Amino acid sequence: MTQKVFERPRALSENTFSYCAGCLHGVVHRLIAEVIDELDLMERTVGICPVGCSVFMYDYMECDMIEASHGRAPAVATGVKRILPGSFVFAYQGDGDLAAIGTAETIHSAARGENISVVFINNGTYGMTGGQMAPTTLVGAKTTTCPEGRDPAIAGYPIKVCELLSSLDGPSYIARVAPVSAGGLAKTKAAIKKAFQKQLDGKGFSLVEVLSNCPTQWNMSPIDSLKWIEETATKHYPLGEFVDR
Amino acid sequence: MTQKVFERPRALSENTFSYCAGCLHGVVHRLIAEVIDELDLMERTVGICPVGCSVFMYDYMECDMIEASHGRAPAVATGVKRILPGSFVFAYQGDGDLAAIGTAETIHSAARGENISVVFINNGTYGMTGGQMAPTTLVGAKTTTCPEGRDPAIAGYPIKVCELLSSLDGPSYIARVAPVSAGGLAKTKAAIKKAFQKQLDGKGFSLVEVLSNCPTQWNMSPIDSLKWIEETATKHYPLGEFVDR
Amino acid sequence: MATKTLMKGNEAIVKGAIAAGCRGFFGYPITPQNEIPEYMSSLMPKAGGVFVQAESEVASINMVYGAACTGTRVMTTSSSPGISLMQEGISYIAGAELPAVIVNVQRGGPGLGNIAVGQADYFQAVKGGGHGDYKLLTLAPWSVSECYHLTALAFDLADKYRNPVMVLADAILGQMIETIEVPDKIETYIPPKPWATTGRKNRDKNIINSLWIVPQVLEELNLKLQAKYALMIEHEVRYDEYKVEDADLVLVAYGTTSRLCKTVVDMARKEGLNVGLFRPISLFPFPSIPLEGLAERGKKLLVVEMSHGQMVEDVRLSVNGKTSVGFYGRSGGMVPTPSEILNQVRDTLNGGSSCSCCCRTRSEEVSR
Amino acid sequence: MATKTLMKGNEAIVKGAIAAGCRGFFGYPITPQNEIPEYMSSLMPKAGGVFVQAESEVASINMVYGAACTGTRVMTTSSSPGISLMQEGISYIAGAELPAVIVNVQRGGPGLGNIAVGQADYFQAVKGGGHGDYKLLTLAPWSVSECYHLTALAFDLADKYRNPVMVLADAILGQMIETIEVPDKIETYIPPKPWATTGRKNRDKNIINSLWIVPQVLEELNLKLQAKYALMIEHEVRYDEYKVEDADLVLVAYGTTSRLCKTVVDMARKEGLNVGLFRPISLFPFPSIPLEGLAERGKKLLVVEMSHGQMVEDVRLSVNGKTSVGFYGRSGGMVPTPSEILNQVRDTLNGGSSCSCCCRTRSEEVSR
Amino acid sequence: MHQEIIMAGSGGQGVMVMGQLLAHAAVIEDKNVVWFPSYGPESRGGSADCTVIVSTDQIGSPMTENPDTLIAMNQIPLNKFVASVKREGVIVINSSLAEVPKDRSDCRIISVPANDIAVELGNLKIANMVMLGAFVELLRPVKLESVFLALRNVLPPHRHNLLPLNEQALKRGAELAG
Amino acid sequence: MHQEIIMAGSGGQGVMVMGQLLAHAAVIEDKNVVWFPSYGPESRGGSADCTVIVSTDQIGSPMTENPDTLIAMNQIPLNKFVASVKREGVIVINSSLAEVPKDRSDCRIISVPANDIAVELGNLKIANMVMLGAFVELLRPVKLESVFLALRNVLPPHRHNLLPLNEQALKRGAELAG
Amino acid sequence: MALITINKELCKGCELCVHFCPKKVIKMSDGFNAKGYQYSSYIENGECTGCALCAKICPDVAIEVWR
Amino acid sequence: MALITINKELCKGCELCVHFCPKKVIKMSDGFNAKGYQYSSYIENGECTGCALCAKICPDVAIEVWR
C-alpha cells in the first residue's frame, strides 16, 4: 500500500512562488516550513520577510509574518522577540539586505545575542533589483554595477558573513550550508533545525548562511548555477559550522 | 645650551581642548598631529571629525577638516578620498560613533579596502551625551543606561572592533593600543604612524583602536582611569597588531 | 488623587508613557532627550516592560515597528537629527497602520546644529518627512504637565487610529523642571488588536505589511489612510485659547513659544493692548476651523515660532486670505524674548508690515 | 549641434549629469532608478569620474557629503524609501552649504509601497523632510529631454547657491524611452570653490561644518540660508504655460502629471472648453507670483497630482483665497487618466465642487 | 499619424525588446515616439508589458487608456487588456498560447501562431519578432525596412549573426498579416 | 511674589544642584517653580548655568531676560550675565573667583568668598551652598528651613552623612548676608 | 513500489528534478502549462525508489512522493 | 641640564604629569588658573632628565621640555 512520503509542509501556503524557475529561495522556504512543522512551531512563529526577491514570503508561509524595511529585519525581529519572549521569531534575508544596508542591524542583533534565528540567502547579487553587485559578489564576477567584473580596487572585497560574526560573543550558532546536492540539502535542513532549536533553548542569536543561486541574474541554467555553487562559491565561502555553543 | 626637545606639534592649533581634565582625547590628538608633522602631510590632509566629545576636533587641528554626521565619518572619508586620491584622509571616531550607529559604514569602508585611516577611540562609553552604554562597554560596567551594570541578557556582549574587522580582506592594518604608560604612548604613536603610512603606500584601509578613558563618565580620577585601562580593559581588549599586510 | 511634585519634561514623558501602559522602549542617546532613555532603562524593567538601547535611530524605529506588530504599546524618542534618520521607518509604520509613539525633543538645526531649543521640525512632523501620503497625528505640549498627559494621550490615539503619533516637544520642555500634579492612575483605553502578529494560535495568520504591488490596492490603502486622517480632523483637533474674546491681535504659537507668548499677552494687556493667544495643541490635525473663526471675527494674527516660518503656512491655509497673518521667528537655539515679541505686537497693531508670504522670506524682513 | 536619439529617462539623468561635469556618483540600487547606478558604473569611470556603490542610502548621502567637500560636482540618486533614509544627510549638506545633486525617481508609497509611479514625496522635497529650516532647490522634469537638461542645470544651481538641489522625477519619467536631442556640449559654469577641503596647500585651513554650538551663531547661519532662499525665489523660479491666455480653468501639475494634463487641455479644447496648463518646473522656489497673476485674472485652478494633495497647498498659499483651487489626485501608482481629469474639468467648469481644503481630505471627496 | 500600441506578455517573452525595436524604427523615420514599460515585481516570470506611442505630433501622455492596437503574447495579458482596446481597434494575438476573444467583434483580430512559427524557425525566443512583423505589415506605424535597420542598431555587433534569423521571423509575421 | 534668578558658573561648580535645591524648597512651600538649565557642549569644564523662577502665580515664560538676581560662581559667567540683571536687582558674586563689577552701581552687590569658606569647611564642592545660603537669607524666595528640608529630600539616604556639612555651608552663607 | 506525482501547474520547468533523479525517471515534457512553462513529467518505468531527491530539490514544491 | 615649562593657563590639573614623572619633579600648586583649575608646577631641583614623559601624557599639551 503506497502512502505519501513527501508532501508540501503544513507551514507552507498553497500560493505559487513568484521566484524564477530554478531559484533556491523556494527550496529554503520549504525547508524552513518543514522545520517549523517538525518542531511544532507554527502557532507561535512570527516570521520577518526582507526586501528582496523574497519580499512576498508572507504569502508563502502559513504563520504570522511581518514585512520589514530593507535590511532591518533583525531590528524588527528584536522588537517582536523582546516583547514576546515566548514566540518563535525568524528573519529571512538576502545578501543585499543582510550584508549591505542591514550590516549594523545584523552585527548588533548578533552581538546582543538576540534570541532570534536568521536564515541568510547568499546568492552573490541583488536579485530583485536586477543583478547589481552585492557585498558577497566574488572578485571578478560581472554584475550590472560592475560590468567589467568586481574589481577590488574599486569595489573592495566580498564580506564573509559567518566569519565576520564569529568574532562576536553573542551568537549561539553560525553555519554555512549549500543545498545543491543530496547531502547539502540534508545539511541545510539540519542547520536550520539546529538554529531554530538554539532559539527554543534560549541560547541566543543563530544564523544559517545558505549559499544560493540566482539563475536569472547570473545568466545560467538552474543546474549550472548549482554546479557553480558547488565548485566555485564553496571555495570562497567554505561550508561548516562556525559557532555552536 | 638648552633647546626645546618637546613642543606643540605644528599640525595642532593653539586652541585649548574642550575635553575634561585628564581625558586622553587630547593625547591622541597630539600624537596624530605629531605624525602628520613627521610625515609632512599637513598640506594634503583632510581630517574627518566625528560626533562625540571630539566633535570640535576641527578647531584643534591645523589641517583641513570636515565635520561628519554621527557614525558616518568613514563614508565621508570615502567621498573625499575617492575624489582626491592624492590627499591624505583620516577619520577620528569614538566607540558610539564607530561601533554603534556607524557599524555599517565601518565594516564596508574596511571591506572595500578604502584607502583611508581611522583612529578609533574606545572609552567604553558615550562621553558627550552623558555616559550611556556603548557597544564596547564591558559586561557588568554601570552606565546611565545600564544603571545596574551591563547585563548580557539585556544588552548583549561588547564588540571587539579589531577582532571583528580582522576577518575582512580589505584592511591593510588593524591594531589596538593603550597610551597609558611610557611604552603604551610610544606604541600608540608608532601604530598611528604605521596606519598613516599604509595609506601613503596605497595599501588600503587602516585602523588603530586606542583604549582610552573617560574620567568624567567613569567617575574616576584620571590616574585611576589609566590604571583601570592597563589592568582591566586590556584583559578584555588585548593589545597588538591584528592585521598588517 | 494626584501628587504635586517637581519633574523634568523628559522625565514626565517617561512617566506619562508608562502610566499609559507603554511596555516597550527602543532608543538611542541624543541630547537634549538623554534623560528619557536613562529613566527608561530603570523604570521600564520595573514596570515589566522592555528597554533596549538600539545601535542607532534607524534600528530604534524598526524595533518599534516590530514591537508594535505585537500590539503592545511601544515608543521611541530622539531629537532632530535622530528623527530624520527615522523617516523611512516612520513611513513604514504609517503604511502598515501600526500604533506607535515617537517623541521629538527638537533642537537647533539644520545639520548637526546645536543642542539648544528649536521648532524647525514642524514641517517634518506634520507634512511627512518620509515618503508617501501619510500623516502623523502630532501633539505639542507646552508644560511639563502636558509632557506627561499628552504622551499618555498619544498612546490612546495611536491605538484608536492605528497610526503613529508624534509628540513634538523641544529642548526647553525636555530640560526644564517644574511643578506637576501626577495623577495616581490615568484613564486609558487599549482596544483589542486582532491584527497583531503574536503567533496564529486559534486564528488565521496575520500579516503586517506595507507592500502592495498592485497600484489599485495601494491606492485603496491610501484612501483608507486619508479617510482615517479625515476622522482625525473631525475628532482630534485640540487647541487652547487665552484672552482671545476681545483681542484685536491673536498670537498663534505652540510649545515653549506659546508660553513666552502667554507672558507677552499679559505684558500687552498691561499696556492696554487687546492681545490674545491661540495655541494649537494638535498640530496635525491642525485647528483650522477655530482659526478661520478668529479670522472671520476680524482679528489679526501673528504667528511666533522658533523657526523661519513653518506653522505659519498652516495658519495661512486655515484663514485663506481672510485676515492678515504676521510672523516672527528666531532660530538656531535663539529664543524670542517676550519683549521682542511685544515689539512685534505693537508694530502689527500700529499697522506695521504684516507678512503675507513669510514662509518664503527671512524672518528679518518679515519682522521688520 | 545636437543628435536626435532615443533615451530612457534614467539614462538621460546620467548623461545630463556627466555633461554638466559631474565626476562623482555614490548610490544604492532601488527600483525604478536602477539604470542610473548601472549606467554610472560604466560611464563615470570613462568620464574620469568616480562611481561607488555604497552599502546603503545613508552611506551614499554621506559619501556625497564628503565628495562635495572637495568642490567636485557629485550626486546621488534613489527612489522614495531610499530618499527618506537620506534626510539626516541632506539636512547636513544644506547646513554645511555644500553643492550636491540628489535625484528622487518617486514611486508609490508610503512604506514599501510599490515600484509604480507616484508624486507623494513633494512635501519631503520642498518643505524639508529632514530637520531644521533648510530648503532644497527642487526641479521637476516632465520629459526625457528635461531629465537631461534639468539634471545638468541642477549642478549649476547647486554651485551657484552652495545648496543641495533635488531633481524630483518619477517612475514613469525614469522608465520611459523617448526622443531627445542631445547637445554635443552644454554650457555650464563652475565657480571657484575656495572653501573646499582639498588640503591646505598655499592657503589657510578650511573647515566644513554644520555645528554651531552658540545659538547666535547658528541663527546667523540660518539667516544666511534664508537670504539664499530669498535669492532663489527672486532668480530661480521656472515654469511653463500652455494655452493659459484665454483659459477659464487652468490645470496646475508638474512632472508626468503635467504631460497627462497637456493631453487633457487638447481634449478639452476640442470640446470647446477653455482650459490651459500651468506647469511649475521649479517646485522650490515655487512660482507663486505667476500663479497669483492667474488668480487675479479670475481663472479657476485645478491641481492634479499623483498624491492626495501636496502641491495644492503651495498653490493655495500662492493665490491666498483669490480664486478657487480644485484638486484631483490618484495614488499608489494609479495614474489619473486624461478622461478622468477631463471629467473633473467639466465638473469644475460647471461650478461643481471645488476644494478649499483638499489637502486634508480624500481625493474621492474632493473629486466628487 | 498617431498610433498607440500596448504590447503584453510574460517575462521572458521579449515584449520589451519588441517595443523598443518599434521605437527605434520610428526614430529612423524621424517620428516622435514614447516607449513605456511596466514590469511585474519579479525579474522573471511575472507579467511584462509596454506601451509604444508613435506620432508625427508632439506626444503628451506617455500612457494610453485605449490603445489603437493590442499585441498579446499569451492568454493572461490578453484577458487583462482586451477590454481597453479602442472601438474598432486591432488585436494581434499569439494564437499558440491564446484564444480569440469573443466579445470584441468590433475589432480586427489577427491570430499569429508565433510560438509555433518560432519553434519551426528553430528558436522559441523570436516569437516576438513574428508578432511584430505581422503588426507592422498590418498597420504600418513604420516601414518594415526601418525595423530591419533598427535591428542593426539595437543588436550589439557580436550579436549580428542573429540578424538573419530575426529578419526571417519578422518577414514570416509580415507574410501572415499580408 | 515672583522672583527670577540666574545662577551661573562652570561645570563642576554645582550650579545646577543649587538651582534644583531652591526649586524643591519652593515646592515645599507650595509655590510654583520652573528650573531651566543651559550647559556647554561638554560634560565638564564648559559653562553651566540655570534659571529658577519662583512664583505664587502661574509661570509663563520659563526663561528670564532680566533676572531679579544673578548668582555668579566665577568671573566668566559674571561677565556674561551682569548686564542682563534688572535695574536695581541683586548680584551675588563668589568673591574668591570674581571681582565686583564696576558698572552696576544700581544693583545691590553681595560678595561671598564662597571658595575660601568652602575650603575652610573642608570641601571645595560646597561653595555653591554657601552662595545659596547668602542669597536665600537676603531675598527670601523661600525660607532657609525649606532649603534644609529640601536637602533631605534631594540627597539620597546614603548621602545623608553630608547633611550637616551642607547645612553648615548654607548657614555660613546666610550669616554673611545677614 | 514508489512513484512521484508532479503538479504541472506548479512546475516552472527548471529541470533540476531531471538532473537530480538518480534513476533518471523524470523528463521534460513537450507541452506548456498555463503560465507558459515547459513542465517536467514522470516516466513510469518502475525504477523510482521513492528517494524523494527530486522533491527535495524542486524549488516550487511541485513534486509529491509515494512509497 | 633639562627642564620643563608648564603653561598654567592650559593646565587642567589632571595630575597625570605628577604621576608620570619618574623623578617626581612636578607637584600640584595651591593656586587656581583663570578657568578655576588647580594647576601643576615644576619643582626646580635639578633632577629633571628631560625624558618628556610628563609632556607626552599631558592631555592638554601644556608642557614643553628643554634639554
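What to note about this one:
In order of appearance the chains are A, B, C, D, E, F, G and H, and numbering begins at 1 in each one.
The rule is simple: a residue touches a chain if its C-beta (ideal position, glycine included) is under 8 Å from a C-beta of that chain, and two chains touch if they have at least 3 such contacts.
Just so you know, these numbers come straight off a predicted model, no measurement behind them.
Farthest chain from chain D (centres taken as the mean of C-alpha atoms): H. Looking at which two chains touch through the most C-beta pairs, you get C-D. Centres computed as Cα averages put chain B at a distance of 59 Å from chain G. Taking each chain's centre as the average of its CA atoms, chain E and chain H sit 86 Å apart.
With centres set at the average Cα position, the gap from chain B to chain C is 38 Å. In chain F, 40-41, 45 are the positions where the chain touches two or more neighbouring chains simultaneously.
Contact of a single residue of chain A with at least two other chains is seen at positions 19-21, 55-56, 67, 69, 100-101, 103-104, 107-108, 112, 128, 130, 135, 155. In chain G, the positions touching at least two other chains are 12.
Residues of chain H that touch chain F in their complex: 12, 32, 34-36.
The touching residues of chain B, when paired with chain C in their complex, are 51, 55, 67, 69-71, 96, 100-101, 103, 126, 128-130, 132-133, 135, 144-148, 154-155.
Chain B makes touch with chain A in their complex at residues 100-104, 107-108, 111-114, 135, 152, 155-160, 163-164, 166-170.
Those residues of chain F that touch chain H in the shared complex are 10, 13, 45, 74-75, 97. The touching residues of chain F, counted against chain C in their complex, run 20, 23-24, 27, 30, 32-39, 41, 59-63, 65.
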